[in-house]
Amino acid sequence: MAYRVRIDSFEGPFDLLLQLVARQKVDVAAISITEVTDQYLEYVDRMDEFDLDVASDFLLVAATLLEIKAASLLPDEEHFIGEDMDDLSPEEARDLLVTRLLVYKQFKSVAAELAARMEAVSHMHSRQAGLEEGFVGLMPDYLEGLTLRGLAVICADLLHQREVFLLQAEHVAAAPISLELHTESVSRTLAHRGVARFSELLGQDPSPEIVVVTLLAILELYKRGRIGLRQDQLFDDIVVTPIDTIGAS
Amino acid sequence: MEIDVTLRGAIEALLFVSDEPVSVARVSKILERDQDVVSQMLEMIAEEYRGQERGFQLREVAGGWRLYTHPAHHDAIEQYVLSWDTRRLSQAALEALAVIAYHQPVTRAGINAVRGVNSEAVLSSLIEKGLVKEAGRDRDAGNAILYTTTRTFLEKFGLKSLDELPPLEEFAPDERTEAAIKERFGGPAVAVTEEPDDDSSDLAEID
Amino acid sequence: MEIDVTLRGAIEALLFVSDEPVSVARVSKILERDQDVVSQMLEMIAEEYRGQERGFQLREVAGGWRLYTHPAHHDAIEQYVLSWDTRRLSQAALEALAVIAYHQPVTRAGINAVRGVNSEAVLSSLIEKGLVKEAGRDRDAGNAILYTTTRTFLEKFGLKSLDELPPLEEFAPDERTEAAIKERFGGPAVAVTEEPDDDSSDLAEID
């Protein structure tokens, strides 16, 4: 079961993006994308509490924006295509995003029209009074085949499921950082920076959770053969080197 | 005499959605019109339906006025009702019914909390089928509507009263499951040795 | 023309007890009358209620006919039936519903693709409300569940059938809006020939 936390008034990454785009002055194209991206990231940054499914949707759009932005800033764009968008050039990625935005906008408009219709219809009430006494006996037996014990089992099962659910919810709450997401983020950081020290990957004032999940992330990347690790001395800062950088240098 | 169609329409609309006789006093309060005027209009509507030989009639019964189908069409209605779909209750409806049976009176929020999903549509279908009814409001929960099962529900299961529902403990998860749950809570895996000796207190706990 | 009051009365009585829209075929079968005759009578009854400014109306929705109160008396009814649930659908639910309505049958992935966001919670709430249902699986997409709208959807939105949905093309962003969005993403400067001196109109449209 998913808890949906409202993120300000946005219904999703496309909604946010549309609002940001609308707010901007029409300007030199390259500056536009940069500003939209920055504003978008700022919003994503401010969302400190929401479910992981929603987060990943927002981050995917953020990543796509970043790629487009990076591509638009660099003369040689070919090296900046992320793993996710293997087959797409930055132009294609941008076109895809724009197309999806336009389709989304269309459905947003038609949803508003549907809402208006529903509102109008909701002012007309059908009869909910049920059958007159004389006819009630003729109604089909909706409980046919259901025993009293069957009913009790259903209720007991529900209460049990709820207990288990509450347990799992607690369990999940203790680990708010997804390893997969964080691994991806570390990998992107390394792609930008090249060689980095572990302490640099942590950022300023890292929480213990961040330290743990970052360590797990580099171990995971190491296992996948994507990075090299070096530690000159016990307790020394770990040096993290992306594999393709090693190959290039 | 000119007919006040707005008043007539409003009264008809109220009668249409009502599942019980509506008193003149109640109508006059809601519509902010004199009782005399309302009374006259009710008489007039009843007469109109009679005169036009409508399929429904407006009758004054104990406690007020209420719309009924015209007895002339009894057979057609009977045939119609008998033709109703005998689709059984959905799993969702069964769950809501079970929760209401054991937790009544309970608010919609209470049902949702146990089921973990919204029970709105399911509730109105149970009410339509005469298995569940509204029964007052919970003052402690923002006047939320309380739901209980109906007499029809008791009759279907041949119960004299709700006390005769089988105790839920009989259907609790077995000891191993329970131990596993406790363990996951991080507490010591206490063996469940004793049988619950007092049903009623246990039931109270579930509520 | 003489009105067949017996037929009229019988139809009214059936409509009065029905808890869903009733099709012409069904009425004609129960009353053993031609569908044409029944159809005409239904139209006539609806017209009578309209002409007499009754408090209720007869409407054709979701493949059948059903009695409803006239919207003019909504406020009075709301006062009378306190428990009436008037909660609206969330923006997210409306968006997902719109995608399903126009693309049905559609998988969850299809809905997510348009909305750009996970629609799982919204989808289960739409199912719970009876507006959307599962309808088979898509063999070409790893047996993903397909979703369609329900009859309740048609009824709640006052539609006779899906054909009555407003054409989606009418809601496509116009060329200028499209060009504006493209430009802001640094795309090829698609012919926006005019100077963008009237920004505000463009911007308002994007919102």
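Order of writing sets the labels: A, B and C. Residues in every chain begin at 1.
Convention: a contact is a pair of C-beta atoms (placed from the backbone, for glycine too) under 8 Å apart; a residue touches a chain by one contact, two chains touch by 3 or more.
The structure displayed is predicted, hence computed values, not measured ones.
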| item | value |
| --- | --- |
| Chain closest to the assembly centre - both centres taken as Cα means | C |
| Reference subunit A; chain at largest CA-centroid distance | B |
| Higher-contact pair (C-beta pairs counted), A-C versus A-B | A-C |
| Distance from the mean Cα position of subunit C to that of subunit B, given in whole angstrom | 27 |
| Centroid spacing, where centroids are CA-atom means, of subunit A and subunit C in whole angstrom | 30 |
| Between subunit A and subunit B, centroid-to-centroid distance (C-alpha), Å | 41 |
| Two or more partner chains touched - positions in subunit A | 125, 127-128, 130-132, 135 |
| Two or more partner chains touched - positions in subunit C | 16-17, 19, 67, 69-70, 77, 81 |
| Touch list for subunit B against partner subunit A, complex | 13, 16-19, 68-69, 74, 77-78, 81-82, 84-89, 94-95, 97-99, 101-102, 113-117, 124, 127-131, 152, 156-157, 159, 165-166, 168, 170-173, 177, 181, 184-185, 206 |
| Subunit C to subunit B touching residues, read off their complex | 5-6, 8-19, 26, 30-31, 52-56, 67, 69-70, 72-73, 76-77, 79-81, 83, 85, 124-125, 128-130, 152 |
| Partner subunit C, residues of subunit A touching it in the complex | 2-4, 11-15, 18-19, 21-26, 29-30, 32-33, 36, 53-54, 56-57, 61, 68, 72, 91, 94-95, 97-98, 100-115, 117-128, 130-132, 135 |
| In the complex, subunit A residues that touch subunit B | 1, 125, 127-132, 134-136, 138-146, 148-149, 151-165, 167, 171 |
